[in-house]
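Look for subunit A in each of the two complexes below; its partner is subunit B in the first and subunit C in the second.
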Partner chain A sequence: MEELLRVENLKTYFFDKKKTIKAVDGVDFAIKRGETVALVGESGCGKSMTSLSIMRLVPAPYGKIVEGEIHLEGKNLVRYTENEMCKIRGNDISMIFQEPMTSLNPVLTIGEQITEVITYHKRLPRKKAVQQAIELLKLVGIPRAESIISDYPHRLSGGMRQRVMIAMAMSCDPKLLIADEPTTALDVTIQAQILDLMKDLSKKVNTSILLITHDLGVVSELAERVIVMYAGQIVEQASVDDLFEEPLHPYTQGLVESVPDIDAEIGRLNPIKGNVPTPDQMPEGCRFAPRCTHAFDRCFKEEPQLLQKKYGTRTVRCFLYEDEEKGAEHARKDQYSHR
Partner chain B sequence: MQGRTNTLTVDQQKGSVSETILEVSNLKMHFPIKAGIMQKTVGHVKAVDGISFKMKKGETLGIVGESGCGKSTLGRTIIRLYKPTEGSIHFNNQDITSVSEGDLRKSVRREMQMIFQDPFASLNPRKTLETSIMEPLKTHQIGGQGERKEKVEDLLNTVGLDPSYANRYPHEFSGGQRQRIGIARALALNPELMIADEPVSALDVSIQAQIINLMEDLQDEFNLTYLFISHDLGVVRHISDRVGVMYLGNMMELADKFDLYKEPMHPYTQALMSAVPVPRKKGYAKRERIILSGDLPSPSNPPKGCVFHTRCPAAMDVCKQQVPKFQEVQPNHYVACHLYE
Partner chain C sequence: MLSYIIRRIIMAIPLLIGISILSFGIIHLAPGDPTALMMDPNIKPEDMEAYKEKYGLNDPPHIQYLKWVGNMIQGDFGQSLIRQGTDVSFLITERLPNTLFLMLVSTFLALIISIPFGILSARKPYTLTDYSVTFTSFLGLATPNFWFGLVLIMFLSVQLGWFPTGGIATLNEPFSLWDRIHHLILPALVLATADMAALTRYTRTSMLEVLKQDYIRTARAKGFKERKVVYKHGLRNGLIPVITIFGLLLPSFFAGTVIVEKIFNWPGIGLLFIDAAFQRDYPVIMAITVIAAVLTVIGNLIADILYAVFDPRIEY
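So, the complex of A and B:
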C-alpha cells in the first residue's frame, strides 16, 4: 500500500508566561492509503494535539508547531500558508469532532452547512450542491434526507448529528479523515451504528482514517493499527491483533488490564498506580517510570528510545526490550507475577 | 467456574444476615412540561414509569441503560431529591415516599448518600476539602470541632488521600482525586446505602480502575449497599451482584449478573450487550452483533404497548397494544417481554 501521510519528529509546544508545555514531543508515524490507524491514550497525552497539528489548527498564539514535518503525499504541510491550508482542510483532510452539537452551527440549516463545503471546494452551482448534499445524507443513513436538509441541528438526535458531521466530512472524498473521539458522546447502540457506518464508508471510498480515542473496544472494532501515546510521546506501535494479544509496553499492559471485561469474571482490577504527570512536571528519564511496576534505576535517569522490534513491524519505547532475550525473560516473569 | 462458586458462598453468608434495605414498588416520576404564557401543563416527561425492585443489605445493584432511560432520575427519586408521582419507597422498613424535608434530614439522609458523576461540579470550588467534607457533620450536628477534624483526617486516609491535603481547594486535584473527595464526603455520615450515579464515567481508564477498587474495599469495610448507576456494561458487570436494565423509564430485565450476562433474555438487553465494542484478545469469539435501528423515542410520548417495540427485532402484534408484565421467568430472573409470557 502507498503511503499517504508521514509525520516526522512533530513537536507542538505551548508557551505560557514562563513555562513551556510540551503537548506533543517528537512524534513519528505514517498512515497508508485506505488504512485505519488508532491513536490511543488517556486525557492529556497529546493525541488530540497531534491531530490538530496535522490540520494546522493548533490554537495560536500560545500553541505552535516548533519542529517536525507533516507530509501529505509528499507535500510538507508545516510550510503551508493559511490560504493554502484552507484548500487542504475539508478537501484532502477532514475532521469529525467528539461533540456534534458544538461543531454544528445552530443558526444554519443542515443543508446550508453541507453545501458550504461543496461549493467552496468543488465550485458547484447551488442546485447541484444541494443535490449532492441530499445524496450524502442518504449515504450516511439519514431517513427523509430531502426534508432533513432544511432542518436546524437542534431537531436532530446525537447520533443523527454525528451522521451529518460524517456526511460533511466525506463531502469532498477526503484522502484522510481524522475522527477525534467520534462516538464518545453517544450511547452504545448508537455507537455501534456509527462505527458500522465509518467502516462501510472507508471501504467504499478508500479513505484513510486516523481514529483518536481512549476506548480500546472502539479501537479493536475499527482500526488495523494502533499507536499508543503517553505524556506527549509514542510508547508503542503495533497492529491491533498483536497489541491485544501481547501488549509490550508496561503502560499498554496496564491500560488493557484496567478495563473490566464484559465477557468474563475477573477477581480484581489491576489499575496503573498514580496519575498522569502534568505537562509542566514531566519526570526525568522514562516518563512512565514513576507509575511503572517494572521500573529500575536506569528508567529514572535515561530516556528510552523507540525500539524497532526484530520480528514484525512493532515499535516500543522501553528499556525492557533493548535486548530481545532480556525482553523475553521479563515477559515470562510477568506471567508469573500475574498469577 | 471458580469465581461463581465463590460468589455463591458469599451470597449465602450474606443471606443469613441479609435483610431488605430498600423496597421500591411501582415508582413513577413524571415531570410536567409547561408551555405558554399561563405555563399550562401540556404533557409529562415520564422519566421513571413504574419500577419495582428490592435491595438486600450489603449487595450491589447495578442499573444500566442509555442516556434518557431514567436511570439517574431513579437514583435521585430514591434519595428523595424529587417527590415521586406515584408508587412507594421503603427504606429500612420505613415508608419515605412522602416524608417531609425536615424529617428526611433527621433520618434518611444520614443513612443514604450519593456519589455524583462529575467530581468537579459536585465540589464547591471556594471551599477547602476540610470544609466540604465536614459540612455533612455540621448539618447533622455530629461531634465538636476537634472531633470533626479528626473524622476528616480519618476519611481522607480511608479514601487514599494524604490528610495534609485538608486545607487545599478542589482545583488542585485531578479528576480521580476529586472523585475520592466526593466519596469521602459521602462516607462522612456512615451511610448504609450509597447511590453512585456514573461515578467513574468522567475518569480515564487507569483511574477508573483505582476508584472501582476503592469502592469495593469500602463496601467490605463498612458493609455498604450500592445502587450503582452506569452506562458502561463492563464496569457494571465487574462491581455488581445483580443488574437491572432500563429503557425509557421502565425496567426491562433484572437478574443475577451471571445469568444476565451469560443469557440475556430481553431483546433490548441482547442488543445492548452485543453493541459494546470489546478489545479483541486471543481465542475470543465475537458476539453476534445486533444493530438496533433508529433512536430512543421521546419519554414525553413513549410508544404504546411495550416501549421497546419500535426498535425491537422480535416485535409481534401484541407488543404494540399490551404492556408486558415485569415477571419472574426463571428464579430471580425478571423480564418484561411478551416472548416469555
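So, the complex of A and C:
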C-alpha cells in the first residue's frame, strides 16, 4: 500500500504564561492509503493535539507546532499557508469530533451545513449540492433525508448528529478522515453502528482513517494498526493482532488488561495505577517509570528511545527490549504471570 | 409565529395598565399643581374654582384616572392645561416622528459601530486592539450624556462652527436633506454613544464565548476562511444574547432621548416632556409616559420576535 500521510518528529507545545506544555513531544508515524490506524492513550496524552496539528488547527495563539513535518502525499503541510490549508481541510483531510451534540451549528439547518462544504470545495451549484447532501444523508442511514435537510440540529439525537457529521466529513471524498473519539459520547449500541458506518464508507472511497480513542474495544472493531501514546510520545506501534496478542510496552500491557474481557467468566477491569504525569512535572528518564511495575534504576535516569528494527513492523519505547531476546522473554513471562 | 405575536401583545396589556396607574399616582403625589403655576396670582377664587371644575381637577383621583384612560383608548389624550385649547394628541403627533427619527438613526449608528468593534475585540482578545476598544467603551460608559453633548456643542458648534447648536432644521429655510442631516449628526451621535459602550461589551463577551464553541471548530475543519467562520457561523449565534440586551436597553434609551432633546433643542416628545414636567401639565406628562411605555413594550416585542427568528431552538 502506498503511503498517504507521514508525521515526522512532530512537536506541538502550549506556551502558557511562563511554563511550556509539551502536548505532543516528538511523534513519528505514517498512514497508508485506505488504512485505518488507531491512536490510543489515556486522556491528556496528546491525541487530540496530534490530530489538530495535522489539520493545522492547534488553538492559537498559545498552541503552536514548534518542530516537525507533516507530509500529505509528499507535501509538507507544516509549511502551508493558512489559505493553502483551507483547501486541504474538509476536502483532503476531514475531521469528526467527540461531541456530536455541540459540533453542529445550532442556527443553521442540517442541509445548509452539508451543502456549504460541497459548494465551497467542489464548486458545485447549490441545487446539485443539495441533491448530493440528501444522497449523503441517505448513505449515512438517516431516515426521511429530504425533510431532515431543512431541520435544525436540536431536533436530532446524538447518534443522528454524529451521522450528519460523518456525512459532512465524507462529502468531498477525503483522503484522510480523522475521527477524534467519535463514539465516546454515544450509547454502546449506537457506538457499534457508527463504527460500522465509518468502516463501510471509508472502504467505498478508499479513505484512510485516523481513529482516536482511549477505548481499546473500539480499536479492535475498526483498526488495522495501533499507535499507543503516553505523555506526548509514542510508546508502541503494532498491528492490531500483534498488539492484543502480545503487548510489549508495560503501559500497553496495562491498557490491554484494563479492557473488560467479554470471553472471560468474570469481566474485570484493571486500570493502571497512578496518574498521567502533568506536563510541568514530567519525570526524568522514562515518562512511564513512576507507574511502571518493571522499572529499574536506569528508567529513572535515561530516556528510552523507540526501538524498531528487531521487531520488524513493531516499535516500542522501553529499555526492556534493548537486548531483544532477554527483553522479550522478560515481558512475555511477565504477561503470563498476570494471568 | 402570528399566534406567538398576538399572545405577546395580550401579555403586554396588564403591564401597560400597571404603568399607567403608577405614573398617574406618582405625578399626583408630587407637590404643586398646575393652577399654582399658570394662574395670575390675583385671580378670583371663584374663577379658580371654575377652572378646576372645568378640567376635572376636583374629581377624586380614581375618577380622574378612569376618565383619562377611557378617553385615551379613543385616542383622546385630553387638552394641555398650559397651552389652552391645544389637544395633547396634536402636540404628540407633531413631535413623535422627530423623536422616532432620532432614535432610529442613533440605534442604527450604535449597532453598526458597536457590533463590528465587539467582534474585532473578540477575535483578538487580550491584544492592544482589544484593550483599546475596551478602554474606549469604558470611557463612553463613564461619560454622562449631557456632558458629552455640551462638550460637542461647545467645540464643534460654538467654537468651530461646524454644526448647528441645536434644532432640527434651519429656521425659515426650505426643506433640504443636507440641512436635516447636518442638524441630526450631533444629537444622534450623543444618543448613540450611551448604548454603544454597553453593546460593544456585550457583543465582545458573547462572541468570545461563541468562538470557543465546538461548532466553530467544525467550521474551521471544513476549510472555511476565518472571515466566513466568524461571520457565517459565529455572528448569528453571538447576536442572540445581544438582541435581548438591546430590548433591555430601550428604556434607558428613552431617558437618553429626553436629555439629548433638551440639550440640542430637538423638537421631539422628550423636550415636550421636560417642559410639561416643569409646568405640571398632567395630560401631556401622562400621555408621553404611556407612549414611552407602549414603545418600550413594542421594542421588547420586536426583540423577542428577532430572538425567535435568530434562534431556531426557541419554540413559540
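Note that in this section the second predicted complex is superposed on the first by the 323 of 339 C-alpha atoms of A that agree within 3 Å, B and C clash if a C-alpha of one lies under 4 Å from a C-alpha of the other, contacts with A are read in each partner's own complex, and residues count from 1 in each chain.
What we mean here is this: contacts are C-beta pairs under 8 Å (C-beta built on N, C-alpha and C of every residue); 3 or more make two chains touch, one makes a residue touch a chain.
Computed from a predicted model, the values in this text were never measured in an experiment.
K.L.:
With both structures lined up on subunit A, is it a clash or a fit for subunit B and subunit C?
P.N.:
With subunit A aligned, subunit B clears subunit C, so fit.
K.L.:
Looking at the overlay, what does A:V117 touch: subunit B (first), subunit C (second), both, or neither?
P.N.:
In the superposition, A:V117 touches subunit C alone.
K.L.:
With the two structures laid over each other on chain A, which partner does A:Q281 touch: subunit B (first), subunit C (second), both, or neither?
P.N.:
So A:Q281 meets neither subunit B nor subunit C here.
K.L.:
Check whether A:F244 is in contact with subunit B, with subunit C, with both or with neither, and answer first, second, both or neither.
P.N.:
first
K.L.:
A:I88 contacts which: subunit B (first), subunit C (second), both, neither?
P.N.:
A:I88: touches subunit C, not subunit B.
K.L.:
Can A:S147 be said to touch subunit B (first), subunit C (second), both, or neither?
P.N.:
Once the two structures are laid over each other on A, A:S147 reaches no partner at all.
K.L.:
Is A:L57 touching anything from subunit B or subunit C once the two structures are fitted on A? First, second, both or neither.
P.N.:
Only subunit C is touched by A:L57; subunit B is not.
K.L.:
Given the overlay on chain A, how many degrees, to the nearest 10, lie between subunit B and subunit C at the CA centre of subunit A?
P.N.:
So the C-alpha centres give an angle of 80 degrees.
K.L.:
Looking at the overlay, what does A:G254 touch: subunit B (first), subunit C (second), both, or neither?
P.N.:
first
K.L.:
If you tally the residues of subunit A touched by each partner, is the higher count for subunit B or for subunit C?
P.N.:
B
K.L.:
Report for A:P106: first if it touches subunit B alone, second if subunit C alone, otherwise both or neither.
P.N.:
second
K.L.:
Please give the nearest C-alpha separation between subunit B and subunit C in the three-chain superposition, to the whole Å.
P.N.:
When the complexes share the chain A frame, the smallest subunit B-subunit C C-alpha distance is 10 Å.
K.L.:
Does any part of subunit A touch subunit B in one structure and subunit C in the other, and if so which residues?
P.N.:
none
K.L.:
Within the complex, which stretch of subunit A touches subunit B?
P.N.:
42-43, 157, 159-160, 187-193, 195-196, 214-221, 240-241, 244-245, 254-263, 265-273, 275-276
K.L.:
For subunit B, which residues count as touching subunit A in their complex?
P.N.:
Within the complex, subunit B contacts subunit A at residues 3-4, 66-67, 174, 176-177, 204-210, 212-213, 216, 231-235, 237-239, 258, 261, 271-282, 284, 287, 289, 291-292, 295-296.
K.L.:
Touching subunit A in the complex: which residues of subunit C?
P.N.:
213-215, 217-226, 232-233, 236-237, 240, 310-313
K.L.:
List the residues on subunit A that touch subunit C in their complex, please.
P.N.:
Residue positions touching the partner: 55, 57, 82-83, 85-91, 94-95, 97, 99, 102-108, 116-117, 120-121, 152, 154, 165, 168.
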